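Shared between the two complexes below is subunit A, which pairs with subunit B and subunit C, respectively.
This part shows the complex of A and B:
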């Protein structure tokens, strides 16, 4: 690792370490090409197609009406109240899910970064929600937890009320009354393990000698955490926020399953709105333009994510 | 990691706690510090698992008892698990489709991904970082933005309701995941391994095949599990590229369950389907927990 990694950044461009004839170089590169070409074809080509479609006035219900309209679809995306509402919902949903699951994930990671009996089992059980099929998780929350008649929440409320002598607890229809909160809680449940794993990796990459030194110097646990662990974790926290945002922005199945974007448009996020525009209104051009907006937003966030990832890798290499 | 630095007031029990490398709890730990984390962990595990428990309980109720809220269903009934395989749901077929699609995606992804990851971890070439960036960026593309042109394309070439229409797009999500994970694994291996093999007369290809690949087997295995889970969970492609129940995967099929009359929702069947879809995965996770955690945190963990 050492020889390769240390010399890589500086000398890479001028004198490839594994140089040789250009034929040899290409033989080395060949194994990478199928993956690279495949990734580009499957994602970039559709994106270019999306760009082209986004400039067309194209509704499949009006055959022969396909024509070039320039940027007018984008005008619709930014002026249409439904779409603006969808953008707002997306931001609210993503921000709340990311922040809450980050905080819970940090607490979990700190708890798990110590040895105790059954730590492996606890860790496994904690990552379970992340590995469960999102659709199944959404159905689980919708029917088993939020259902007003026999969901776990109202069941628990009932039990507590009966404990205090009342007949019946309040019957709350969680999904209709608090649609956004319901979706956020379900998603937080699902994404906390993801945040926890990244932060836990950060905690375990902490150099032990520094912590030992802090302890010898008499720093309290809280001081060590605030002054040493937290700054060390900064990169990992950034990474969790960025990756979390990128994936949570795309959330579709939870919305589709739990609320269908409703009631009204209270939980209609951009991906779901695109789906509706495409498969209910058949406005391909408009849907494509909204899709491009999502992609550009994602690229902006992803640029920051990639920068964080590559700086993490550089650190690894320098070790 | 000596415990000799500990203050005298720390008891024998605490020596164990102090031997954790983190030692975040510090030395001012009292007895409170011992049970508090346990209580916290117990609470959080409850939070993570209570929904699962309720799903299992709901699936075991008799159809007529759906509205019961007892913690333990009495009497037990497996009727929901029989109902879920009713031909009108085509759930059996959907399960088969899911296994087929996720399995094919996993195998193809691993073959391509291993080569790509090895190249990215070991070789130096000018566009290396750009390549890695493009591959990772691919995984961040919102699926919905890809669906529009793909749907149009697959309609034109009559791939709607076909397995390849499900497998190819899913690979574009799975491949970056595999490449990212395997690159981290290959980077962890000392380069001296191949150098030694080359000195002993292996070509680079042989060194890869005979030295690196066997050593990377655990990493490849972990990646296989993660890729399989990702493909198994895929929803939006499977929803939009099919409109016949014959080609629906289990994820989509379960949202299309219908009750005996048009309006009622078959809660029992849905919960049973949920159990069938999640519990095997949960058991697999339990069995392979060490490898999965190692895989998910690959790149961050120093070993």
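This part shows the complex of A and C:
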């Protein structure tokens, strides 16, 4: 609690030397300028353009239709059932992927924090899902694993069923029958290593003497975990949840590849819906308005993320 | 739970968990691990750890194995694990013209990473070694740009790029990937440059070393690993980027992920070829990520975790 509350101004620890004329100040600022100007131009210009487009009624399928409509696109965004459905799908997808991969990542991190034979190799193998190109991973899951005829899942079920004397295992069409679960599982697979790495770093930053003291005082393993390790891990868990949410909320590759938002609109998330509005329906104004809403939503989440990062940054950077 | 939190967390963290020299904690932790092992059924935990690890690695292993099979052996049910191995699928990929896509990906990743470093290194210097006023605000401005969802920027970027006649151009991707990775690089480099000992910088100043000499003989050696780690993270993210590449390129400038999605539609049996393509395009990042895995977490947490 305390650490989070005082987090905002805390990073000011390394205050610059004040004084000196404005020429000196500018000499200090000079190395920063190229990066700052580049970042402002490349990120703020498109955002301002989005704001402007969001106030236009603009569909390139209706030539000459570009005109100012004020906030009516926002009205459409908030009343359109497709978009509301997309918001709901985004929340469900993001929340389940973040939660499940956080829990699995925590379990893996706890397991990897103890010494065992081949721990280094296990850690290396575990990172692999995060490093496989996301589009490649999505295609792999769709065709090599979920395919009802020759995918690894049904193939394995079939092999197990035959082992026990049945002629044929069950044939499940994973992507059509359980579209959201299929996407969630593929993404959990991809993001668990991310969570695991951050939590493992947290576990390894645990002060050994405190754990030693707890052990000497006769605390059980579970007590130590609940009373010492978890509170210590809290910031690392928060960081992985917030960073994970920000990345996962933007998921486009997996939806585009595995389900194309379907069947129907069962897995159409906000990024994919915006993509469809833009490049299938060519409703530029509406797409821009939806984009602005997404940005505002992200800013709300990001504010919490920034606070967590700044408090961690301060603690780790204490020197 | 809340009552215990400030107790152990407060004073201990002051020592700085990972501040380079503060290593008395290390041996203690090792000892704890060893004792736990003897205390409560070590082999069971080790088995569980390995079982989960193999479960997570199975899809990757399956991808590589299938890429080495013939198409008829790849699409069987139950799966034929012990089918004969062949590299012919990889040969086919190059016949189908994966080469230019890989070159585009390599160009976009390499050039954008060089550009990112050229912008981020001086910026990080002005944010850590000789910090400007309100440098934390600048840091958080950079970070906030990373939080903007790219999908929201896609439409204006598409329209602007189209107006400039820069669609289907690798340099468009270079610029976009630079802006995508710049905040990460600024944060990482700031945290690495902040590790340059102040005393060394002061000593150099007292000795009358010029700026270039200080940069070359003091800052460079300390931050080289940091620069390498930053470059790797930037390469990974730009190599894997899909959405901009898909929507802003057509034929000449398309990158590896675009090749992948366009590749599967036409054929009858394609699983082995698909797995070969997926393995091929993932290989550079897998190797880079594995080689730099100790730096990965620092990059992913934007330098917050050391």
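Keep this in mind: the second predicted complex is superposed on the first by the 292 of 319 C-alpha atoms of A that agree within 3 Å, B and C clash if a C-alpha of one lies under 4 Å from a C-alpha of the other, contacts with A are read in each partner's own complex, and residues count from 1 in each chain.
Here is the rule we go by: a residue touches a chain if its C-beta (ideal position, glycine included) is under 8 Å from a C-beta of that chain, and two chains touch if they have at least 3 such contacts.
The model shown is predicted, which means the values in this text are computed figures rather than measured ones.
On the superposed subunit A, the two partners subunit B and subunit C do not both fit; they clash. In the overlay built on the shared chain, the residue A:103 is in contact with neither subunit B nor subunit C. Residue contacts after overlaying the shared chain place A:125 against subunit B and subunit C alike. Of the two partner chains placed around the shared chain by superposition, subunit C is the only one that A:162 touches, whereas subunit B remains out of contact. In the superposition on chain A, A:71 contacts neither subunit B nor subunit C.
Once chain A of one complex is fitted onto chain A of the other, the partner contacts of A:111 extend to both subunit B and subunit C.
In the superposed model, A:231 makes contact with subunit C only, not with subunit B.
Contacts of A:88 after superposition: neither subunit B nor subunit C is touched. On subunit A, the patch touched by subunit B and the patch touched by subunit C overlap at residues 1-3, 12, 16, 18, 25, 28-29, 31-32, 34-36, 38-39, 42-43, 45-47, 49-50, 53, 107-108, 111-116, 122-129, 131-137, 139-141, 143-145, 147, 149-150, 152, 154-155, 158-159, 189, 193, 197-198, 200-202, 204-206, 208, 211-212, 215, 221, 236, 246, 249-250, 252-253, 256-257, 271, 274-275, 278-279, 284, 287-288, 291-292, 294-295, 298-299, 302, 305-306, 309-310, 312-313, 316, 319. The touching residues of subunit A, counted against subunit B in their complex, run 1-4, 8, 12-13, 16-18, 25, 28-29, 31-32, 34-36, 38-40, 42-43, 45-47, 49-50, 53, 107-108, 110-116, 120-129, 131-137, 139-141, 143-145, 147, 149-150, 152, 154-155, 158-159, 189, 193, 197-198, 200-206, 208, 211-212, 215-216, 219-225, 229, 236, 246-247, 249-250, 252-253, 256-257, 271, 274-275, 278-279, 284, 287-288, 291-292, 294-295, 298-299, 302, 305-306, 309-310, 312-313, 316, 319.
Residue ranges on subunit B touching subunit A, taken from their complex, read 1, 5, 16-17, 19-29, 37-38, 40-41, 44-45, 47-52, 54-55, 58, 66-69, 112-113, 115-116, 118-120, 122-126, 128-129, 131, 133-138, 140-153, 168-169, 171-172, 175-176, 179, 187-191, 204, 229, 232-233, 235-236, 239-240, 251-252, 254-255, 265, 267, 270-271, 273-274, 277-278, 281-282, 285-286, 289-290, 292-293, 296-297, 299-302.
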